[in-house]
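As structure tokens, here come the structures.
In the two complexes that follow, subunit A is the common piece, with subunit B as its partner first and subunit C second.
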Partner chain A sequence: MNTSARKRTTALPAWLLQGVTISYILLIVLFAIAAAINPNYASWANIRNLLQIGAFIGVIAVGQTMVIITGQIDLSVPWNLTFSAILMATLISHGYGTTTAITAALISGTLVGIFNSIGTAIFRIHSLVWTLGVNALMQGATLVYTHAQPPKVDVPPLVRALGSGELYGIPVPLMVWIVAGAAALVVLHRTRFGRYLYAIGNNESALFLSGVDSRKVYLGAFAMSGFCAALAGIMLTGYSSQTYLGMGSDYLLIPIAAVIIGGTNIMGGSGGYLGSISGALIVVLLQSVLSTMQIQEAGKDIVFGSIIIVLLLLYGRQKLSNH
Partner chain B sequence: MAELSVAGTSSDTPALEARGIRKQFAGTVALEDADFSCRRGEVHVLLGANGAGKSTLVKILCGVQPPDEGTIHLDGEEVTMTDPIRAAELGVAAVFQELSLCPHLTVAENIMLAHEPTGPVGQIRSRQLRRRVSDLFEQVGIDHIKPDILVARLTLADQQLVEIAKALSHEPRTLIVDEGTSALGREEVRRLFDLLGRLRSQGTAIIFISHRMAEVREIADRLTVFRNGTNVGTVDAADMDEGYLVELMLGERIEKSFPERAPRPSSADEPLLDVTHLGAGDLLDDISFQLRAGEVLGVAGLEGQGQGDLLLALFGMVRRLSGEIRVRGERVRMGSPWKAIRAGFAFIPEDRKTQGLLQPQSLRENIVLASLGALTRHGLIDRSRERRTAESGMQRMQIKAASMELPVAALSGGNQQKVVIAKWLETGGDIFLFYDPTRGVDVGTKRAFYELIGELARDGKAVLLYSTELSELVGLCHRVMVMNDRRVVETLADNAITENAILAASLGVRERQVPEADAPTTQTAGGAS
Partner chain C sequence: MKRRDLLIRAAGGMGSAMLLGALPTLAWADNSACYSAWSGSTESFSWPKKKPPYRIALSNSYIGNEWRAEMVTIAKMYYQRPEVKKLIKDFRVSSAGNDVNAQIAQINQMILSGVDAIVMDAASPTGLNSTIERAANAGVLVVSFDNVVTTDKAITINQDQFDMGKRWADFVVKHTGGKGHVLVVRGVAGTFVDQQRYKGGRSVFDKHSGITTTEVYGNWDSGTAQKVTANALAAGSDFDAVWSEGGDSGVVNAFRQRGKKVPPFAGEGENGFRAAAAKEGFPMLSIGQSAGLVALSMKVALSVLQGDKVPQSIRSPLNLVTNDNLQEGKNYFKDIPDSFYNGVSVPGCGLDFDAVKVYKGIT
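So, the complex of A and B:
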């Protein structure tokens, strides 16, 4: 039926149309352009800086990739992140130990993730709506809890190190990203849970009829996303040496954009974290290039939006060649 | 058997007449040289086994689908029906089994949908709309439904009546009701028949499709039987002989080739599956049977008599079961597919595309999907074992594919079906539940299926086969349970399994006997629940 579409796409080799490949090609091209404009771009100091910032997006994208592979989305990241970070700061200001505070923040983030999965998997409310509501709920909770005034606190060295530290010349956030990223790749491609994430995104009823409790799979994905949001919140607290109410607001759409640019299907079922890595780097690189070119916020948004649209059109062709 | 007396030919032109209709869908011929005519002021019942072409005919008569060949005449004039709206303008309206109402609009808004009375700037005149609907209700005798109520708040039966009222709002001269009673209880059927009776006396031609013989007996003026896409006979209701009709629906036996059956296990063997007094709310009622290793047990019946629910219940998809299910003598608790799988059940769903397979994913991933637990070591999937499992599954089922990494979407229907079964062989399942597996499947795939079922039985697996195709049950099963109204009404074995016997048991008539002999319940009045 769609032989005409098939003919057009087979003009290009199939691997070239894979989302992952496209995103890495785009990353290299972007980097080459940036370096051509300003040779400083290729300096280790600059690359280091990009990787450090990319780490925050990359960590959030670990959870978001898993959720998006199931065909859902987690919109509760910004205020889940903020709430967890402020919870940690408050505990520290009350004299609790750093490890206790960090653990509490991670548990809080994970619990919010579990709450997200309850709405999605048990009440069957689309995550687009449910997690948006949870985000608002967390925002309200944070404001009530802090009287709109996050605690002023001396950020302890461990947290500071997680956000901006350096070990053997390598930024600690980058190390965290590498560990989280490697774990994500293993989970997605080598474990049962990972396999079920893809299966649920392709055909939930087939998975259910194969004897897998799909609710647990959703639970795992959303819990992972909540955990990652909290982890990013802790890292960001260390990075900026403080907690503040708007700290999560940049971390909703940008990690989602990174996941999609990396070739993960927004409808679920295909993609992976390898793409999300290049997606995160592309996003950071673009932002950095656009601001050094002194393009204003509005201009940035236009470039950003156009890239996403073009990539989605490209990935759409890849879809056609599959059927 | 094919030459039949066409009863009661009359001189006046029929209200609706179809001549030489042919319709083909992707290789299968649904209708071939089909004639049909219906008179003004009669209820004309269409009968036929599944796939006989009734529904296709109805769709052509009301403009949903165009015929490939043939003509349609209304009051003697040839017409072309391009779409249902045109058909409604010409005076033909249809009510289908699937409801087409918008739940969040009111009854009145639904009935007048797309032909609302409007004012000068296109605004809908609500008061006039409501008045028209109450007039319509009064005229057809619906007095218990308020036009202002939301359709979502009505019972299924009342929604069905609204659906019919919607068709009547076009003031059709021909009304088609396709299985309009399957959702209705006895009281509601009575109300519908009163309504049809009034329409009949007003001169409307009514074409009625039903599988319930008792209803047909009650409402029909004439009956037409379809078989294999063509009209095989029309009779007056007065001359109706149900045993004869059953034969007419089946026709001469078309010899289909089925693979040789495995020998039936001896009834002295311990049963693999032992079900006693299984019940489930209003889905199943007191069902008991035993199934042995190597046995193929069929489940038959008219549509929606509980056959599908029985299989779903056994696979843990139905809640609140009563009764007992034993596998190898041990009682098993149901309630979820994973528990059922652990007990040894395997479920082959009706639609492999939407329920059985991950279409874009590889053969390998599909084959191991239900048995990943056994392939996992220290939390990780053992890839070489996974590949070996997939390979042995492909060999066992003789799946022809260039590579196990191909997406299953690229395989033929028959091979896809084999993938579903390969998946279950890996879980060690030994009770295979087939949920109407050959519906809408091409001949080659069907044939492959028959062989698979035979092989499973020979391998000592037990098979429970729910099928809507009678010949299949006859050709494959050692025993057949016939269900009617949530219960097993008859179990046929060996040579007693014939299409006639199954259909007769399904319809609740004895073979070749007069209807009165076994129909005490249908004639009792006022037995409403």
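So, the complex of A and C:
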């Protein structure tokens, strides 16, 4: 009785300490502040723009969330994304059909993901190192393959639509994000594979002893992340109507930040995609507000870093209260 | 046509080499169309004369962008010219990545292998200075270009980034009448080039109280530049002109996607930007950092090894493209991607390169 009384006075209510809740509260607060400073922020034009740009991060975060839930990380996204996009562009410039080219890009991205899982699950090398190596490998492969000049390509209408099109006033990238996001939520919370992802992140040995082949779980997570990187690469090609070597440079840490801000535990085992959605939106909102408020790059980094640190401290409390 | 070009180039090269050989004191004047001393106080640089052929090494740092790839290709193309090849017995290119320590190790390796000159695009303006001094003491000539180093033990060759920013701003002022809202798209924060270009731009904008600016960072990358421009536009800003350091085809895309007319635009030398200006006719000024600076650096290295005196710090003139001299096949290209940097030549130096060949990597 004594302890429960103490709990009530010192700790915040449990639901408030959920990462997901915190991140959505933060999102609403940030948006309110932004709209108070500049009323244009609440305009549909601006919201649509944020959702469109957020979609690229959100799609990558689908795979990254699954990987991080298993307690791993995928650092091969930037060059996997670039390689897939350039592969697609090359095939198109050689006269292959748009669907063939898109399929090839998605397969290529998925194969890189599978390669990531081989290192992590079979050779037991931590993904932090292995996927970083794979990222460098993909960079080298891209440079050799293109002799560092991506192909000249007229981006076909379908790809253009995926990156910057609109249907009934809704950006197509946002629709892609909604579909991918819904799939992620179903997979994580309604399938056996989803439960295995959490289980492997909490205690891999226990999962293995209960008769699950943990290698297949890693394979699924990394393959998903590779697939999502390639999908984002295709969307980005449509968005900027070209492929170029620096395409992926923004997408190494930003999607990971979105996942963490959304309350997924970087050590694995807890969290989910619902949080990553708000995480992605917080990240694009911050980027947009800070740059249009004329805060210098260094200032932006400080705000960004501080938010992540404060959130991690809050989430740390959440973990304690759960135990 | 190729043959005629070759003949003219060979003749030009031999002619100037002979002239330089006979009258070394005229070396500066002879190259005035090609380059000049950085300032009035620039010291002269001389080096013990050596007999050709030489061993030359190109030490590159970063490799992950189009400009560096073009630069490396141009170096190889220049080396293949007959009048150059006969002066060089060994030419090597290596790239260390944007890692100062890796480049130091690479240069040490080059010194040990006995090269006569190192041509270098540095990973840091100061981090390599002591290594360069070691190279100079070991009798290795160092010519630093693009991302230049600060030591005077090396010859430095560059285009004037401050002046570039200033000319862009002059263009903006001219087209807005000194009054209006300007979108300023900067490069990578904290780099020397970004700071110089920005200071050059500010030196003009600050004189016009009617000019207001919104600054964003596009990282010289079209995707990023497109996103930050889209953010600025979506936040309700209207712009009367654009001053941009790079990623310009992305900036143009962002205006298009918002269904807005592209305002007068001062930017870098990307193919997609010039092609868009040609197609849509918005007023533009394009000044590109030339990837051909590497060929100029090799040319200077060869001439110094042969005993010529040059300024220690060399300024290569800016190459301006406006709506008036915009021409398909000459300074922008239908069959080359948007991300290609069109500055591949150094006018006035006999260093003209075929952009299509540079793009295809044909040396």
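We take it that the second predicted complex is superposed on the first by the 313 of 323 C-alpha atoms of A that agree within 3 Å, B and C clash if a C-alpha of one lies under 4 Å from a C-alpha of the other, contacts with A are read in each partner's own complex, and residues count from 1 in each chain.
Note that in this section a residue touches a chain if its C-beta (ideal position, glycine included) is under 8 Å from a C-beta of that chain, and two chains touch if they have at least 3 such contacts.
Owing to the predicted nature of the structure, the values given are computational and were not obtained by experimental measurement.
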Combined model on subunit A where subunit B meets subunit C, clash or fit: fit
Per-residue touch tally on subunit A - higher for subunit B or for subunit C: C
Contacts of A:S164 with subunit B and subunit C, given as first, second, both or neither: second
Which of subunit B and subunit C A:Y198 touches, first, second, both or neither: first
Partner chain in contact with A:T103 - subunit B first, subunit C second, else both or neither: neither
Touched partner set for A:T21, first subunit B, second subunit C, both or neither: neither
Computed vertex angle (subunit A) for partners subunit B and subunit C, CA, steps of 10°: 120
Least Cα gap, in Å, left between subunit B and subunit C after the two complexes are fitted on chain A: 27
Subunit C partner contacts - residues on subunit A that touch it in the complex: 38, 40-41, 43, 45-46, 48-50, 52-53, 139, 143, 147-153, 164, 236, 239-247, 249-250, 287-288, 291-292, 294, 296-298
Contact footprint of subunit B on subunit A as seen in their complex: 186, 190-192, 195, 198-199, 202-203, 205-213, 269-270, 322-323
In the complex with subunit A, residue positions of subunit B that touch it: 315, 336-338, 340-342, 347, 349, 354-361, 365, 369-370, 372-373, 376, 379-381, 383, 407, 409, 423, 427
List of subunit C residues in touch with subunit A within their complex: 63-66, 68-70, 72-73, 189-190, 214-217, 219, 221-224, 226-228, 230-237, 249-250, 253, 257-258, 272, 335-340, 359-361
